[in-house]
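Before anything else, here's the structure in question.
Order of writing sets the labels: A, B, C and D. Residues in every chain begin at 1.
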Amino acid sequence: MLSLIVFLPIIAGLIILAVPASQKQIIRIVSLLAAVAQGVVAVLIWRQYDPTMAGIVAAPGGSPVGSFQLIERLPWISLDLGSFGPLTIEYFLGVDGISITMVLLTALISIIGVLSSWTIQKQVKGYFILFNLLSTAMMGCFVALDFFLFYVFWELMLLPMYFLIGIWGGPNREYAAIKFFLYTLFGSVFMLLVMIGLYFSVIDPLTGNHTFSLVAMASQENYVPGSILGPGSAMWRTIAFVVLFVGFAIKVPMFPFHTWLPDAHVEAPTPISVILAGVLLKLGTYGMMRINFPLFPEVFQAGLYTIGVFGAINIIYGAFCALAQQDLKKMVAYSSISHMGYVLLGLAAGNSEGMLGALYQMFNHGTITAMLFLLVGVIYDRAHTRAIDKFGGLASYMPVYAAVVAIAWFASLGLPGLSGFISEAFVFVGAFSAPTTRPIAMVSVLGIVFGAAYLLWSLQRMFLGKRKPDAVYDIETDAHGHEHIHFHDWTGKLDLDARELTMLVPLAIIIIALGIYPMPVMGLLTASINKLVTVLAPVAMSAVN
Amino acid sequence: MEMFTAIGLNHFLTISAILFSLGMYAVMTRKNAIVILMGVELIMNAANINFLTFSKYNGGMEGVMISLFVIVLAAAEAAVALAIVINIFKTFKTVDVSSVDTMKE
Amino acid sequence: MNQLTLSIIFYLFAAVTVVSAAFVVFSKNVIYSAFALLFTLFGVAALYVFLSADFIAITQLVVYVGGILVLLLFGVMFTNTIMQTDIKTDVMHVVPGTILLILMIAGMLYTFYTTGDWMPGEAQLQGSVVQRIGIETMSRYMLPFEMASVVLLVALLGAAFLARYDKAHKNEH
Amino acid sequence: MMHSLIQLSIIVLLLPLLSFVVLIFFNRRLPRMGDFVGVGLLGTAFAISCSIFWTVIVQHYDPAFRVAWDFTWLDFGNVPGVGPLVVKMGIVIDNLTAIMLAMVTLISLLVHLYSTGYMAGDKNYGRFFAYLGIFTFSMLGIVLSDNLFSIYMFWELVGLSSYLLIGFYFEKDSAADAQKKAFLTNRVGDIGMWLGILILYSQFHTFGYQEIFQNIAAGKFTLSNGWLTAAGILLFFGCVGKSAQFPLHVWLPDAMEGPTPVSALIHAATMVAAGVYFVGRIFVILTPDALHYIAFIGAVTAFMSATIAITQHDIKRVLAYSTVSQLGYMVMGLGVGAYSAALFHLLTHAFFKACLFLGSGAIIHAMHHEQDMRWMGGLRKNMPWTFATFSIATLALAGLPLTSGFMSKDAILAGALAFANVEGGGIFYLIPVLGFGSAMMTAFYMGRQVWLVFFGESRTHLKPADEHHDEHGHDAHASHGHDDHGHDEHGAHHGVHEVGWVMRAPLVILATLSTFFVFSTDPLDGAKGWFMHLVPTPSTVVKSAEAPKAAALAVTGGRLLAEASTDTAHPAVVAGHAEAVHGAAAEGHGPVFTDPRQAELAHEAHANHYTAIYLSSGMLVLGIGLALIVYAFKMIDPARTAEAIRPLYLYSFNKWYWDEIYDATLIKGSMLLSRSLAWFDSNVVDGIVNGVGTVYRKIAFANGSFDKYVVDGLVNFTAFFVQTSGAVMRKIQTGKVQTYLVMVMVAVLGYFAVYLIQLMK
């Protein structure tokens, strides 16, 4: 089941490989079918999933795979390294509450991404092959339970992203692509080191061998005393935690490792921005929840305050930077930096409300930001510019577009009744309930106002008021005296067309529905989150040390 | 027969000799600077084989270590040499060493 | 694994090495030579394993195949624009070269096989030498090891500088 | 099983939402852009809430009436450290809710009706009703919520609908600015409110009012009392934003950019009152310190905006500032502990202020979107109905006996006096002083307004020709259809005529509701009315922190405590019965309190009742008299007075310069900060990243220059050597390295041969 959802895109990619490059439509349709199939499988998985099982960690003495579900576990690579003992790498997939939400999100965003890739004209074949590769890698990251496997998928993700930005991107694409690549590579190199260190410190209780299984790693009693990352070697564990955290923080992206994001977004084509903001950023925080925190709970407990501070910096700093942007896409990019800050803050709370808010925020940010970038793409297709000041009064002429934009914008500024609010609210609830992060929460609440400030301001400058004198479109009055606008060299429908609506409306519906009744997603999370919190709680450590 | 089945020192020396000569031949006769470089690599490999052979049949570690350093040097050499080749190419728009004879008077 | 199979494998690799090396040298197409070189290096690595220098073999693969060969290929790519179809290399001194080649091989082999038979030392290297390499590196060969690193650094910088010579030149004025 | 009232109230809640959904999607397809949908659904909602009102208020006439229902909205499972944790959403209906339900739906219905006339011909007519729908929905949500979380959600939703309605004419930049300003200012308030909610949640892990109150009463609030005060004040911040209290009052006057019916519904009657309602809801957890803070804020707001209202020219701005002033009254009332009085004033104010706004809308409509009172005058002949209703409402606002306003305002002022006495005078006397002062000013500026608008002769012809559009606050109506025949008729009155019945009827209804007999049989004492009986001051759940004061209060408070029933679970109930028995005039009238301070306050308020009446009537006479002297008998020339006290005049005319101050400090400041941070981001943070690359290049270059001298030196030397040797053996000198190599090899082989020969020997 999971293998299916992971490798469907690859299969599609292989099919596309066989299709002659001239058959653009066929290529697109194949990838769309693959994405839809992936979505269907995701929904089936969702139906099968039993939200009462926690996952996260193997129950002590219980089944070696913990209460994970849809397990697929095969020996993959096993070498005899002589003095190093047998090297066993497993093909180990499984989902728990944390991953299944991300799987659903990824499936959804992939469909949206394929749809919005319809307008790509340059080297369609190569584009979609890379795209499918990317979507496989993302899905793999979310379901892999073997650290090595995770790492493989993680690295596999970089390559297509690099080319997708570097070839199909904007004018300054090489710079952005290289920057993205180096940043993430920098992060993953450290991850590799820690991974090896962990391998030599952890023993699979059943086989007695060293293992890469995250499930085994997540329970502290499997660590060999005296090994480099075993209990007691506080210094190395701290270093490993920090290094791993930096690796993931780059993906989040956390201040001060965030500067690749605006460049990458501004240069990337719309669908890639959607994927990037919708899913890739989540991998950072997902990695923290799946790997970084459960493996080093005591370090995590010690680092709560710092993480929270960084979260607050992300929130406020991102909001301020967004306020100053003239480029709409750059503003949205900074806004997602700010929103990922909420996730960090929620994680730093270290209690169920905060973590739940954080994970829910990951999901909502995925949908909302995808919507934001799609909308940016819509206006960019028409106007060939993203300068906020080159519009004005659009609401009179593109009412549907304005309405959808309003939904997305308000969702992003956390308006009650839209999903963004609930996640932010519970992030704050959690952060405030935890004495450690209480002062941080008090400060970062300011983010609510500044978030509203830049969103409303851009909304006003682009859609309200009258046409700016130097706007990129002309107003013409037709025979009936109605005013219309037209963009230079834009022949398509002025307001949203059918394809754009098919992308945007489902997202909007999801956002509103989850804003009114979040349980469909939250219900998947609660058991795992509570388990995670117990694993992370200091008492859990006292048993080991 | 025994001389062929029992893999001895001579076998390796033979191979290294052949490699060395081939490398030398490439260096002497080729005009393309890059092929010359390849020749040099062959020569170094030949040398390495010798080192390791003797070190194996002598039980000492010296050969092993030196061959290690040889590889290091080979890497350095390749890098610099290629840089030079590229420069030559930039300057003379060719890698044909025969045409690079400005040193002549 | 008995003597015979071992030797068969050995001859196999030897053949690969020599043949591909010859191909490297005699092929007219630089690209072909480059790829032939790849096989040569593989073969040599295999021979190293026979010489129970597994670590060196790995290094050989990593450094040569991973580094140098790629460098060479890059060189080819850079110096011959892809559009230009014939990546040929023409030759000089063929006659003296060939003569010398034959002479060299003949001379050396003659020497090997005539000058008495070599006495293998009573203690031969056995099994993996990785550990001993580590020890040697840190003890006896400390200085050369460090120097090697310095050399590498300098070479790297020099290469970087040379490769972008004109740029640096522009920066001056 | 759900209580039938609950089911009804849910229907009431959902009907406006339905109207919103229908209208937002289908208004273009429906005839008349679907206004009948809005009106019809609101009518139904009003009918149902009337039945609720009847059941609750008239049938069970019980101060302690309360039915509640809730459902699990979020289930967090078994949360470590907390145990099973769920977030509930729910509905509570008590007397206050029932009254608010009826009030909101009624005014909303009237505004819907009124708008069918006022907004007729607007190109977004349908969308207007949709927005009214979503507003009504969220307002009802606030009224019905039984927990802080849902009230916060609806709180922001009314903010949204207010945003949408203020910016209804979004083509106008002033409107767009105003809507943004309103939303952001409210958000600032909401932050405080949210933090307050967080403080309470972090203690009790629940949002429900009842649970929180019971927990605090049980002394489960583990943090220091200061935190509780902070929680109260922070929650009050929400009210500061929504009810436009100082210092967040700046948005409300600008909100008049919206269509006038909106001003009546949202920015006078309901939404801005939500803040007061909310503070009333959380009244019981407010510590004395928090109450002092609230009282002062309210008093200052009331006074400040009253002074501003005196000098404004725009008819809607005068009303806007009077709204702020009245809200200040209510907040002050809550602060001084006159809970019932404040909420009573909330109710009465809703009716007469809505009446005033709709009246002004009628005038503006009739005057073709002229809003400047200086160019009005003499309208009473043309618009008798409007005149009548407007004046009744004005008197109610000014607080003339026999009007509803009199009763509520008087009760508040009595409370203020009581408060000052209880707190032992000193600074606290400032509050009643400010209260009475603004009462006087209210009378004055309302008198001024009525006189300028309705009496005297028409001054339309005096209007300078160039003032058509550039006036701030000019109703955006001018920006569409009506405009063409708007401004060509200045100087003559034949354009001005009474508005149609659809707009007149709401005025009449509201004016009727502004009279005393609706609320009480005794025109002089609202406390005898049903409202103050049914909405008694709840007894605080906060343990009185200041022991000495409690001791001091024991003198009088103790006596009241003695009367307290043994059953302290529902003091209000007991009080209700006790009152029913003793009759309203009985000594110790009002609920019986466990908290000595409250008991003292209630006692004092009753004691000060008549003082307050005399004082406020005096103020009223003073104010209206002054207005008459200035504007009717022309004994004082306002212009020259203004000249005489020019600085004061300007200070008031420019609204105490709050907008300028905020613009100069907060807005400019944050913009500067954001720009500098963006610069920091792109130059420093990113600069470091790129810097690494640059540094490497620098090193390479330095090293390169080293190479240049040494390596090149060698090269040159080689060249030199080759040259000299070449001079010698030019014959074999081809300059080709490989040639040399061949030679070298020949030589080597030569030596090799020699060696071999040696070997043979």
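The rule is simple: a residue touches a chain if its C-beta (ideal position, glycine included) is under 8 Å from a C-beta of that chain, and two chains touch if they have at least 3 such contacts.
Note that the structure is a prediction, hence the values are computed from the model and not measured.
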| item | value |
| --- | --- |
| Most central chain, judged by mean C-alpha position against the global CA mean | A |
| Chain whose mean Cα position lies farthest from subunit C | D |
| Centroid distance [mean C-alpha coordinates] between subunit C and subunit A, Å | 46 |
| Centre-of-Cα separation between subunit D and subunit A, whole angstrom | 36 |
| Centre-of-Cα separation between subunit B and subunit A, whole angstrom | 51 |
| Distance between chain centroids, defined by C-alpha means - subunit B, subunit D (Å) | 83 |
| Of all residues in subunit B, the ones touching two or more other chains | 24, 28-29, 98 |
| Multi-chain contact sites of subunit D, meaning residues that touch two or more partners | 736, 738, 742, 745 |
| Touch list for subunit D against partner subunit C, complex | 699-701, 703-704, 707, 711, 736, 738-739, 742, 745-746, 749, 752-753, 756, 759 |
| Footprint of subunit B on subunit D - complex, ascending | 718-719, 722-723, 726, 730, 733-738, 741-742, 745 |
| Residue ranges of subunit B in contact with subunit C within the complex | 4-15, 17-26, 28-35, 37-39, 41-42, 45, 48-49, 52-53, 55-61, 64-65, 67-69, 71-80, 82-87, 89-90, 95-96, 98 |
| Interfacial residue positions of subunit B with respect to subunit D in the complex | 24, 27-29, 36, 97-98, 101-105 |
| In the complex with subunit D, residue positions of subunit A that touch it | 179, 255-256, 258-259, 317, 320-321, 323-325, 351-353, 356, 393, 395-396, 410, 415-417, 421, 425, 428-429, 432-433, 438, 441-442, 445-446, 448-450, 452-453, 456-457, 460, 463-466, 517-519, 522-523, 526-527, 530, 533-534, 537 |
